[in-house]
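Below, chain A partners chain B and then partners chain C, in two separate complexes.
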Partner chain A sequence: MPDLMRHPLTVAALASVLAALVGAGCVLAAGVSPGAAGSALWDGMFGTDYAIGISLNQAALLILVGGGFVVAERTGLINIGGEGQICIGALAATAVGVNAGGLPAAVAVPLVLVAGFAGGAVWAFPAAWLKVRRGTSEVITTLLLNFVGLGLVSLAVHENALLRQPVTSAETLPQSEPLAAGAHLPLLGLVTSPATIAIVLALVAAIGLGILLRGTATGLKLTAVGLSAPAAARLGLPVTRLEMASLACAGGFAGLAGAALVATAPFVLSDGFSSGYGFQGLVVGLLGRGSMLGVVAAALLFGFLNSGGINLQLVAQVPAATVQIVQSLLVISIAGAMLWTREANS
Partner chain B sequence: MSPAALEITSIGKTFGGVTALDAVTLRVQAGTVHCVLGENGAGKTTLCDLVYGNYRPDTGSMTLYGEPYAPARPAEALAAGVAMVHQHFSLVPTMTVAENLMLGDGLRLRLPRRRLEARLAAIAESYDLRVEPDTVVADLPVGIRQQVEIIKCLVRDPRLLLLDEPTGVLAPAEIDALLTTCRRIAAAGKAVVLVTHKLGEVAAAGDAATVLRNGRVAGGGPLSKLPTRELVSLMVARSPATLDPLLAASLGLAPADLETTVPSIRLSPQDRRKKAALRLSGVTVVRGDGTTALDGVSLTVAPGEIVGIAGVEGNGQSELAAVLGGALPVAAGTIEVGGADLTQAPPRRRTEAGLGVIPEDRLLDGCLPGMTVADNLCLGRLSEFRRFGLLNRRAMDRAATAVLTDYAVRAAGPRAPLRSLSGGNQQRVVLARELALDPLVCLLAAQPTRGLDIGAVDAIVGRLRAAAAHGAGILVISSELSELLALSARVYVCYRGRLLGPVDSDSPTARDDLGRLMSGTDS
Partner chain C sequence: MSAVVDLLAGGVTMAVPVLVAASGELVSERTGILNLSLEGMVLTSAFAAVYGSGQTDSPVLGTLCGVLAGLVFAGGQAVLSVTVRANQMIVGIAANTLALGITSYGSRVLLGDAQGRTVPGFQPLKVPLLHDIPVLRQSGLAYVALALVVVLGVLGSRRTGLGLALDAVGADAAVADQAGLPVRAVRYGAVLTTGLMAGLAGAQLALSEVHAFTDNMTSGLGYLAIVAVIAGRWRMVPMMLACLFFGVAQALQFTAPAMGVNLPVAILVVSPYLIALLAVSGLAGRSRAPAALAVPFVRKG
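Moving on to the complex of A and B:
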């Protein structure tokens, strides 16, 4: 049955097997027994409550960024700007969070998250506006806005007048003050796990977006715009508004990820805090192939592999780059499979 | 007896669940023009694609000049001596004729220009086809481009030439020239397969014919034993006497052969002035490069009236359709529908005002081929299909199924992708969507029957007439003069962005008058 062979799950399974085999090869090349490396990877992923918590927190960020990516992709827009949107979302969230002293968590946490969403959406807006008014490729504009966003975070945490914590000695790091206690994302309360409600938030967002895209009139309209903007315009759909809204939504969810990132330990904004989640979220969105279930699955895989990779390096002395190679192979083989299935269907 | 040039034996092909061809058997003799007739969706193009190696058949076999023939891709078909002229041109417009002709020749360091010229001289000699090799294709008129397509095939000296609906875009004189060329190619001993739905062409050029209907062979044989009336009944499975005169026109039959007459609606001048379904005053449209596409076009369509617009392509009809649909901005002038000023209105407001639009290019902005039939029908009025904030897919399916039945659309169901439908069936879906407007004040139909088979033309024309009878004003833009004359009371001509005429379609000299206006020899 060719349909079974082309089923996304089959493709994902085959890609995983291929990536695992190459990963094992890399481990052998590093002179470590695959058994030792495997158990180190496993411990880093599922070995402790701590490992699981860290993995889940990372997966939550990737679900948010990847889910937003899928919404923009529905209208045919490719959001490369997750990194910058995370930055601006986090900036806004930090600005609110450090000034939220005394507020109860029930007020401060939503405020921080809303600020993050708004920040990310605002950062996607110039790209969306240029796209619908001037036809400027959003791939270029969102990509370039990443560097501006990263630069703005750097500026904010280095300038005393902005978000830098009060300088008390020469060792004071260029980072923000910690967010007020009320603005910290509550832990899920799983004994010693650092997992926060971010994963719950992300899953709720994924379900919501899934319903929006598959079950509502808005989702159908977004799809129509993505398939043919001229036809959608002829049918009376507000094409420019839908395009702008979908890209702003992608930015908003990336900004939300930024807010979740600074509202999790160590609760500060600093240079390089975004650690590539924007780009990894983009990959998660691509691997999801337009489905929220796919996004969640890819995000969990990447989240767990990330923390497993760190342990691999710490315990088994295998370079963490091995895990990056495995991740890249997954991307390449799944993207290749996409092309293959598209060719077969046409 | 020598083996047939092409012999197809009980070939079958299905796409998804839809059977495109079922046990089709066909023999083409060398030195003849063999016509494949049938409505759109009958399987003509699929048959060509199988012979040319675009698809592989599910069942059956083919032989070419007695040898087994099973091309896996077009390159193999070319190597076996099979060439094809496609429905849509496959020339690179920015390159010269010579460059286009040499494109298919694979990688060579030096282009074999001298050999090409010798070949062109030979082709000019035997087929009387002459082209200027150094002209850029974009500068050539459509008829000449078609000749270049044919020469591109002949350069390879094929044994079998397939032409898929080659006359769709040609003017009458160009069609005659093409058919003469087909005869010459056959006279040179090659086999020609001419795929068409126009009986006039078959009678003019064919030696034998095979009629396809619903993917099966409905009949066929030498044309000497198949009178035109017989072919019509094979194609549409009914007697030609029941055909609308307009259909007869689209088949290339003389209207005198038929008994029915056109029921035309006549309005007194007072009626016309009272309330216009559509009123254009001095509409001017400027293209992106600053040239004027439409120059002060004024036109009134009364309720219940069908007005036609003719013209050679590129004289502003496309822009007229686009500006009415809201895809192009108006530089000057006003557009009114049922008294409401829509000059600057976005498409949504035009729809609300009761302006239905069947766009010229169905695949560009007429419909969404990638979405389902139900999505396409309901997309403009999704608010009617909401339940608890979600889409009520079942209600959409029900509404779409009703339309599929009502308009006799051949589709696997409401959730079938529109792409899986034939062109005629897609057009029925577009028409159904636009006619569903309530109230329908005015309908613009741009090239509503282009590339459609007679069954679909029949359905669409009947619907247009019914809409007019219910009081909608209808503006039809078409390049088929016969259809315009049969359908509308007045016909205008678009010539270099201006509207000339109108010509009263009852006038005995209407056709000649329009011809003069179209060619600009009458001012």
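Moving on to the complex of A and C:
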């Protein structure tokens, strides 16, 4: 019986119950009936094609960031830099996308996505290099690079010489020009839904990464490095190269998420365009506990909860912060119980 | 000339809450606990300080509320980091989201229509002579907090037994444990110290500078304090200089146009992070990160 109590799924279920109870408490304290709040939350998650589309688009971003995180985690590296990598990926994608006028979508969309992946990978590189050459903790460097990345986006959209749209009046917002029509991510074509092919892309990436990690020699090598870098080096594995590649891969997928973000309506790069997907993706990656299926499940949960929370505030007048509280309690209780579950499995 | 004075005065004012928060975080990090949740601690304290001051009409009681909130928050963090040995990165980031959620929710439900309204706060002290120097025109709370920073700096210097104990626990907890140091107690004390200082930093920001609460009013102040610890290479005096520099860089955003300097704001905003990157890169001198930073301790065998 204790093994069942210590199963990760049991812990996740108990954490969900706890978080849901606190969420219900927040709803009651705001003076709203739980029924009204529940139906507003449900409508915001699954009520309309629009809600489902928005949720799927967000989940896609989280799958990409979280999936990349898992790859780096496999070699024992913690990538806190998702937010910065999203920024640089989006910056590169925007630079390509606004200049892609006249290109057909079959060319422009892959170009934009590749630019995003490359941008994110490049942004992970300084952290990877410092880690393998100087032994500097990647936790600290990727954290710092987040803020530099956010600053660079701000710089790019405020400077006319960079990506700012032509200033025609005092009201011109500091943001980029919209991406050329050919560079927009195609819609999935579900009725009146804003869901783009991003979710398909993300699921394909998740399956690909899952196969890479579980079914290939490369995956085994990454795992060996993560278990013990000195032992892996004794076996003749190129530890340095594997570590750098895995962190660059994590950066690349976050950059890809950045590209998908700017290639989705409203198709512009602006200050604060990412609204924390990097940090949320990190949490999704951690909750997935090394499994791509776990990452997809956590990303869907967070994606749907995000859009449900907005509706909760709009319709039921419950502060959207309630969803933030519920999500973070979920994460803290699962993280707090990790030792408890790990001891059972070892 | 007056523009330079404005710049320095503005810089010091911006630097005070960052320095107060950073000095507490320095103590924690030297014992090996990384509190990414510092941002959330300061934000929660700022909210509690505003709520307390608004309810009691007393900024002193408000400050106490802020400090209490910081201590409670830090207590939770300490349980998770030291006793439960949870991943400090995950818990820290989630705790920041939790703090953002709780304070945004709280300001809607508890403050309601009074959101953003001015509450009783602290005014700059009218000390003769000192008051005539713009840089020193700070509130009493700021002076108390800065005095505590100095106390921490002296008590925790590596010339005292306490300071050595902090570094020993952060360098290798297992060895420190064998040498008879109470590793867990030291770490609990360190995290609670961080909470105390974060509480003062939040109260200073909310009651001496802004006199109100707005959603996410810290907007990265806690992260900046962590960055100052890194940029100062885990030493008090360089960390103080880093805070002062960060403050001036922030103030420069507002005074640069008046001084006829045209710098893109973003460059000023990212400069602290670039400096910190340089400091940890080992490209300019040796970095001295505590060896056991973010590594939980459990007695083996």
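Here is the rule we use: the second predicted complex is superposed on the first by the 342 of 346 C-alpha atoms of A that agree within 3 Å, B and C clash if a C-alpha of one lies under 4 Å from a C-alpha of the other, contacts with A are read in each partner's own complex, and residues count from 1 in each chain.
Please note the rule applied: a contact is a pair of C-beta atoms (placed from the backbone, for glycine too) under 8 Å apart; a residue touches a chain by one contact, two chains touch by 3 or more.
Keep in mind that what you see is a predicted model, and the values were worked out from it rather than measured.
**Q** Once chain A of both complexes is superposed, is A:T216 in touch with chain B (first), chain C (second), both, or neither?
**A** In the superposition, A:T216 touches chain B alone.
**Q** With both complexes overlaid on chain A, does A:C26 touch chain B (first), chain C (second), both or neither?
**A** second
**Q** With both complexes overlaid on chain A, does A:I80 touch chain B (first), chain C (second), both or neither?
**A** In the superposition, A:I80 touches chain C alone.
**Q** Mind working out whether A:L145 is in touch with chain B, chain C, both or neither, as first, second, both or neither?
**A** Touch status of A:L145: second partner only.
**Q** Have a look at where A:L235 lands relative to chain B and chain C in the superposition and call it first, second, both or neither.
**A** Only chain B; A:L235 stays clear of chain C.
**Q** For A:L56, decide between first (touching chain B), second (touching chain C), both and neither.
**A** It touches nothing on chain B or chain C.
**Q** Contact-wise, after the overlay, does A:A254 reach chain B, chain C, both or neither (first, second, both, neither)?
**A** neither
**Q** Is A:L130 contacted by the first partner chain B, the second partner chain C, both or neither?
**A** In the superposed model, A:L130 contacts chain C only, not chain B.
**Q** When the two structures are overlaid on chain A, which partner does A:M338 contact: first (chain B), second (chain C), both, or neither?
**A** Touch partner of A:M338: chain C, not chain B.
**Q** Between chain C and chain B, which one touches more residues of chain A when both complexes sit on the common chain A?
**A** C
**Q** In the complex formed with chain C, which residues of chain A make contact?
**A** Interface residues on chain A, with respect to chain C: 26, 29-30, 78, 80, 126, 130, 134-137, 139-141, 143-145, 147-148, 151-152, 154-155, 158-159, 279, 282-283, 286, 319, 321-325, 327-329, 331-332, 335-336, 338-339.
**Q** What residues on chain A touch chain B, complex-wise?
**A** Of all residues in chain A, those touching chain B are 211, 215-217, 219-221, 223-224, 227-228, 230-238.
**Q** Help me check something: in the complex, which residues belonging to chain C touch chain A?
**A** Chain C reaches chain A through residues 34, 36, 80, 84-87, 89-91, 93-95, 97-98, 100-102, 104-105, 108-109, 220, 223, 226-227, 230, 264-267, 269-270, 272-274, 276-277, 280-283, 287, 289, 293-294.
**Q** For chain B, which residues are in contact with chain A within the complex?
**A** Interface residues on the chain B side: 325-327, 346-348, 350-351, 357, 359, 364-371, 375, 379-380, 382-383, 385-386, 389-391.
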